[in-house]
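Read through the structures below before going on.
First subunit A sits with subunit B, and in the next complex the same chain sits with subunit C.
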Partner chain A sequence: MSSQERREFIRTTSAKSYRRRALSSRVFTALLVIALLIAFVPLASILQNVVGHGIRYITWHFLTTSQQLPSITNTNGIGGIGNALAGTAVVDLIAVLISIPTAIVLAMAMFEIKGRWVVAVRTAMETFIGLPSIVFGVFTYVSLVVTTHQYHAYFGSLALCFIMIPVMTINALAALQSVPDTLIEAGLSLGLRPSRVMLHIILPAARARVFTGVFLAFSRAVGETAPILFVIGASTLPGFNPSGQATTLPTLMWSYLIGAYPSQREACWGIALVLMVTVLFFNVLSRIFVARTQRS
Partner chain B sequence: MTTTHIDPPTDDGALSAGRERKLPTGSDRAYGYTLWTVLTLVGVIVFYFIYVLVKNSIPGWQFAGWKMFTTTTWSFGDNKFGVLPLVMGTAFTTFFALLMAVPIGVGAALAIVYLIPRRLQLAVSSLIELLAVVPSIVYGVWGALVMASWLGNSGEPWLKRVAHGAWPFDGATAGYGMTLGAIVLAVMIMPIVTAISRDVIVAVPKELTEGALSLGATRGQVIRKVILPSCKTGIVGAVTLATGRALGETIALATVLGGVTQMSPLPDRAFATGSTLAAEIAIDFGAITGKAGNVLFALALILMVIVGAVTYLARSIIRRNERQFQ
Partner chain C sequence: MDTAETRDNVTLGEGSSDAVLSLRDVSVLFNNKAAVRNATFDVQANKVTSLIGPSGSGKTTLLRAMNRLHELTPGATVTGQILLEGEDLYRTSVPITVLRSRIGMVFQRPNPFPTMSIYDNAVAGLRFIGVKDKDFLEESAHKALSEAALWDSVKDRLKAPAATLSGGEQQRLCIARAMAVEPEVLLMDEPTASLDPVATKQIEELVTVLKQFVTIVIVTHNMQQANRVSDNCAFLLMAEDRTGELIEFDTTEKIFNDPKDSRTLDYTLGRFG
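== the complex of A and B ==
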C-alpha cells in the first residue's frame, strides 16, 4: 500500500466513522431533549390544575371563614379555610420556635465536640432525613396521644420537629464547617473564649447558609401531612390555642380529598394553591440566602 | 443549588484547629454544658424513638403472628394481616417509578447543562426544581382528581390495546392502581434526580470534556463515555435519595392505589389495585383499636428496615465506587 493509498484509506474510513458517530450523537442528544420536554409535562399539568381550578377560591371569604360541612341541602357550602390557616400558623410557628434553636445548638455541639457520641447523633440525624415521615407521625401518636389520651396542636409541632431538626442541623453543621480556619484562629489568638469565637465569629460568618437550611426545612415541613395527621385532632373553629386541637392546610386537604362531596374535592385545588404559594415563598427566601452566600 | 440535596459535612482537613480545643474550659463552662445538654437530649430522644417503635410493635408481631409473612391478604378490619401485598406494592411502585424517573431525570439534567442556552439554564432548572417543593398531598390530589380519570379513560385502555391485552396489561382498567401510583411517584422523585444530577454534572472538570472533544469525540460520545461515568457516584446518590422518598411516600399514594382487594390481593398486573406499607399505615390509622393498632407499628418498623437497608446498600455502592476512583 503506497502512502497515497494509505492516506486515502484513513480519510474514507474516518469519514465513515465520523458520519456514524455524528448520527448516533444526534440521536442521543435528541433523546435528551425529549427527556427534558417530558419532564415538563407533569409540571405543566399540575400548575395548570392548581392555578386553573384554585384561583377562583382565592377570595377574602374563603381565606377568612372557617370550614363547614356541606349538607344534602347545601352541597356547596364548604365555608373557607380560616381555621386551617390559623392552625397551620400555630403548629408551624411552635415547631420553628423549637427546632431553630435546637438545631443550631446541636450543630454547634457537633462542631465543637469530638467523639463517638457525636458521630452517633450525627448519623442518626442523617438517617432521620431519609426516614419516611409517617414513622414520626406514628411515633408521636404512641408516645404522646396514647399516653395523654388527648390531641393537641403542639403535638403536631413536636412531630414536625423530627422533620425539621435533622435537615437544619446537617445544613448548619456544613455551614459552620465552611467558615475559614484563619478566621477562627484569629479569634483564638486574640484570647477569645471558645463561646465568644462561636457566637461572634463563626455563627455570623455562617449565618446565611444556616438560614438557607432553616427555610429549606420549613418549606418542607409546611406541606407535611403524614406526621401530624394523627396527633393534632381537628378543629373547625379558628383559634390560635396551641393546646387545643387544630386543623392545618395539609390535613384539611386530606380530609377533603377523602370527603364525600364533590365540592370538597374541588376545594382541594384552592387549598393546594394557598399551600403552594406559602411553600414557594419560603423556598424563594432560601434561594435568596443561597444567592447572597454565593456572592459573598 | 438544589432544593433537596444536603451537603454531607466533611470530617477531613477543615477546622482541625477548632476541633482540637477542649471543652469546657474554665470560665466557658456554661457554654460547654449547654452544648453537651442539647447533644445528650437529642441522643436520648433518638434512642427513645427507636425504643418506642420496637416496644409498641411487639404486641403487633404477637397478634399477627407468622401469618403476617405467609398469608397474602391484607384486610385491617377483618384482622387479616398478610403483609406481602403491601411489600409487593411498595416494591413495584418504587421500581417502576425509578424506571421512569431516572432516565428522564438524568436526561433532563444533561440537556439542561449541555444543550440549552446558558441564559435559560437557571430558569429551566428552577422550574423543574419547583416540582421538588410541591407538598406530597398536592401530588395526591393531582393523582386522584386528574391522572386517575385520564388513565382510566384513555391511558390504560390504550396500553391494553397496544399490548393486545397480554399480561401484564390485562384485566380491568380502573385508573386507580399500581400504574397510577408509579406515575405519581415518578413525578415526585424526578425533580430530586434532576436537581442532584445537574449539580454533579456541572461539577465535572472542563478539562475532561474538552480533552475528549479534542480527541475527536462527538457530543454524544462525550456525554456517554466521559460525563456519565465520572458522575456515576453522584447519580447513584441521587437515585438513593429518590428511592428512599419513594419507598416511604404516604399521603400522595394513599388515595391513588385503590386498596388491597380480597379477591386478588397481590398486585400481579399493571392495572391491579393495591397499597403500600406507608400508605396503608395512614389509611388504617383511623380504625386503630387495641392490638390491631400495634400491627401498624410493626408495619412502620418493616418500612424503616427496608428504607434503612436500601440506603445502606446504596451507601456501600457509593463508597466502593469512590475507592475505585482513588
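== the complex of A and C ==
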C-alpha cells in the first residue's frame, strides 16, 4: 500500500467510525444528563422544602434568642436558636482547633515514616471514616460521661474530632504525596534537612489540597448529631463556656423532632435551613480559599 | 522548488499554492490579554518551518493554536484564520477530532502512554479512530517506527512497556505515534529540549528525513537547530506590552544571513534573548 493509499484508508475509516463514535458520545452524554437529573431532582426538592418551610423562621429574634419550652398557655413560645448557634460555634471551633494540627502532624508523620505500620494506621483510619458516627458518640459517652458523671461541650468536640481527624489526615496525606518528587529532591539537593523540606517545600505546595480536606471534614462535622447527642448534655443558656453543657443546631433539631409541641417540630425547618446555609457558607468559603491558594 | 519564487510567495503571504497551513492575522488571547498578536505566514508543504524567539514570545501558544488545543484552556480565545489546505480550522463543520488526526503533535517532554506497550503506543491513534485490521496495524507500526528511526532497536521488544525506553527513544516513539495516523502536518514543540546531544542529533536528522512524508512546524529556542533543520523560519519577539509579535518570516537562509529587521539579526547573533 502506498503512503497515499494508507492515508486514504485511514481517513475513510476515521470518517466512517466518526459517526459511530459521535453517536456513542451522544448516548453517553444523554446517560450522564439523566444521571445528573436523578441526582438533582431529590436535591432540588429537599432544597425547595427546606427553604419553603424554613424561610419564615429566619428572623433576628429566632437567630438570637435562646430556646424556650412552650407551655399549654403559650404553645408557640419556643423562643429561638441563639443558644444552639452559640453551642455549635463553641463545640465545632474547639473540634477544629484540635483536629487540624493533629491531622496535619499525623499526615506528615505518615508521609515521612514509610513502612508497614503506616499502612495499618491508614487502613484503620479508612475504617473509621466508614463507621456510623453514633459509634463515636457511644464511645465518648462510655469513656467520658459514664466515668466523670458529667456532660461537657468539649466532650462533644472530642467526639467530632474522631470524625474529622481521619478524613483530614487521609486527605492531607494524599495531598503531600501528590507533590512531585523533583521538588523534594531539589530541596534536598540544596542541603535542606528533611524536616525543612517538609515545612518549607512539601507543605506549602500541598496546602490547597490539605485545606480542601479540612473544609470537607468540617462541613461533615457541623451537621453531625449522633456523636455529640449523648455527651454535651443540653443547655438552654446561650453560653460560650466549653466546660458547661451545650446545645448545638443538630441536637436541638433532634430534641425538637421528638418534642411534644407541633410548634417545635415545625421549627425544625428553620433550624435545617440555618444548618444548610452554614454548611454552604463554609463550602463556598473553602472554594474561594482554595482558588486563592492555587493562584498564588 | 525555486527559492526566489518561494520567497516571493512567502513575502506576499497570500495564495501560495503549496501552503498546507496558512495563518492569517492570528492572535491568541488569555483572559482578554493577547499572548500573540496578528501572526500571518504560510507553512509550505513538505518543508520544515521553525518558530524561533526568546522565552515567552508565544511560540508554544501559536503552535497550539494550529491544533485547536487552546480550546481546553478556559479563558483562551483565538482570532484570525488558520487554514488547513484552504479550510478554516476554527470555522469548519469538520469535527475537531477528525481535524486533529490530520495534524499531529509532539510535545516538549516525551509523553508515551505509560500503561501501554511500545507497539500499543505506536498504533494508539489508529485504534482510537477505529482501525481494527490486525495486518494493517502491524504494517503501520512497522512503518511508523521505521520512519521514527526506532524500529531496529525495538523490534524484539514491541510488547515491552514504553516506559522502559530511554528519553530519546520515548520521544521518537511519540513521533512514531503521531506519524502512524498519516497526518499532513506534524507540530513539534521543542522536541529536543529534554534530550541529550546525541538524542537531539538523532531527532534533528529525523526531522529532515520526515519532511518528505509530512509538513513540519517546529518550535525551538536553539538557533543552530533552526538553522540546521528548517527551510523557513518565523521569528517572534515580545513587544513592549509583553505580547508576542511575528517580527519576520522568510526562508531560514534569509533570516540567518540577511534579515530585514535589525532585531532578527541581533537575536540570531545572540545579542539578546
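Heads up, the rule we're going with is that the second predicted complex is superposed on the first by the 244 of 296 C-alpha atoms of A that agree within 3 Å, B and C clash if a C-alpha of one lies under 4 Å from a C-alpha of the other, contacts with A are read in each partner's own complex, and residues count from 1 in each chain.
Throughout what follows, a contact is a pair of C-beta atoms (placed from the backbone, for glycine too) under 8 Å apart; a residue touches a chain by one contact, two chains touch by 3 or more.
Just so you know, these numbers come straight off a predicted model, no measurement behind them.
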Let me test your reading of the model: by the given contact rule, A:32 touches which partner, first (subunit B), second (subunit C), both or neither? first
Which partner does A:72 reach: the first (subunit B), the second (subunit C), both, or neither? neither
Would you sort A:10 into first (subunit B), second (subunit C), both or neither based on which partner it touches? second
Thinking of the overlay built on chain A, is A:1 touched by subunit B (first), by subunit C (second), by both, or by neither? second
Quick one: is A:21 in contact with subunit B, with subunit C, with both, or with neither? Answer first, second, both or neither. both
With both complexes overlaid on chain A, does A:46 touch subunit B (first), subunit C (second), both or neither? first
Looking only at contacts as defined up top, I'd like to know whether subunit B or subunit C touches more of subunit A. B
Shared subunit A footprint, subunit B vs subunit C, residue numbers 18, 21-22
Subunit B contact footprint on subunit A (complex, rising order): 18, 21-22, 24-29, 31-36, 38-40, 42-43, 45-46, 49-50, 102, 105-106, 108-114, 117-118, 120-122, 124-135, 138-139, 141-143, 162, 165, 167, 170-171, 173-174, 177-179, 181, 184-185, 188, 193-195, 197-198, 202, 213, 216, 219-220, 222-226, 229-230, 250, 253-254, 257-258, 265, 268-269, 272, 275-276, 279-280, 283, 286-287, 290
Which residues, counting only subunit A, touch subunit C once they are in their complex? 1, 3, 6-7, 9-11, 13-18, 20-22
Would you mind writing out the residues of subunit C in touch with subunit A in their complex? 95, 97-98, 101-102, 126, 129-131, 136, 139-140, 143, 181-182, 213
Using the touch rule from the top, collect the residues of subunit B that touch subunit A in their complex. 1, 3, 6-10, 14-19, 21, 23, 25, 27-28, 30-32, 34-36, 38-40, 42-43, 46, 48-49, 52-53, 56, 103-108, 110-112, 114-116, 124, 126-128, 130-131, 133-142, 144-146, 187, 190, 194, 216-221, 223-224, 241, 244, 247-251, 255, 278, 281-282, 285, 296-297, 300, 303-304, 307-308, 311
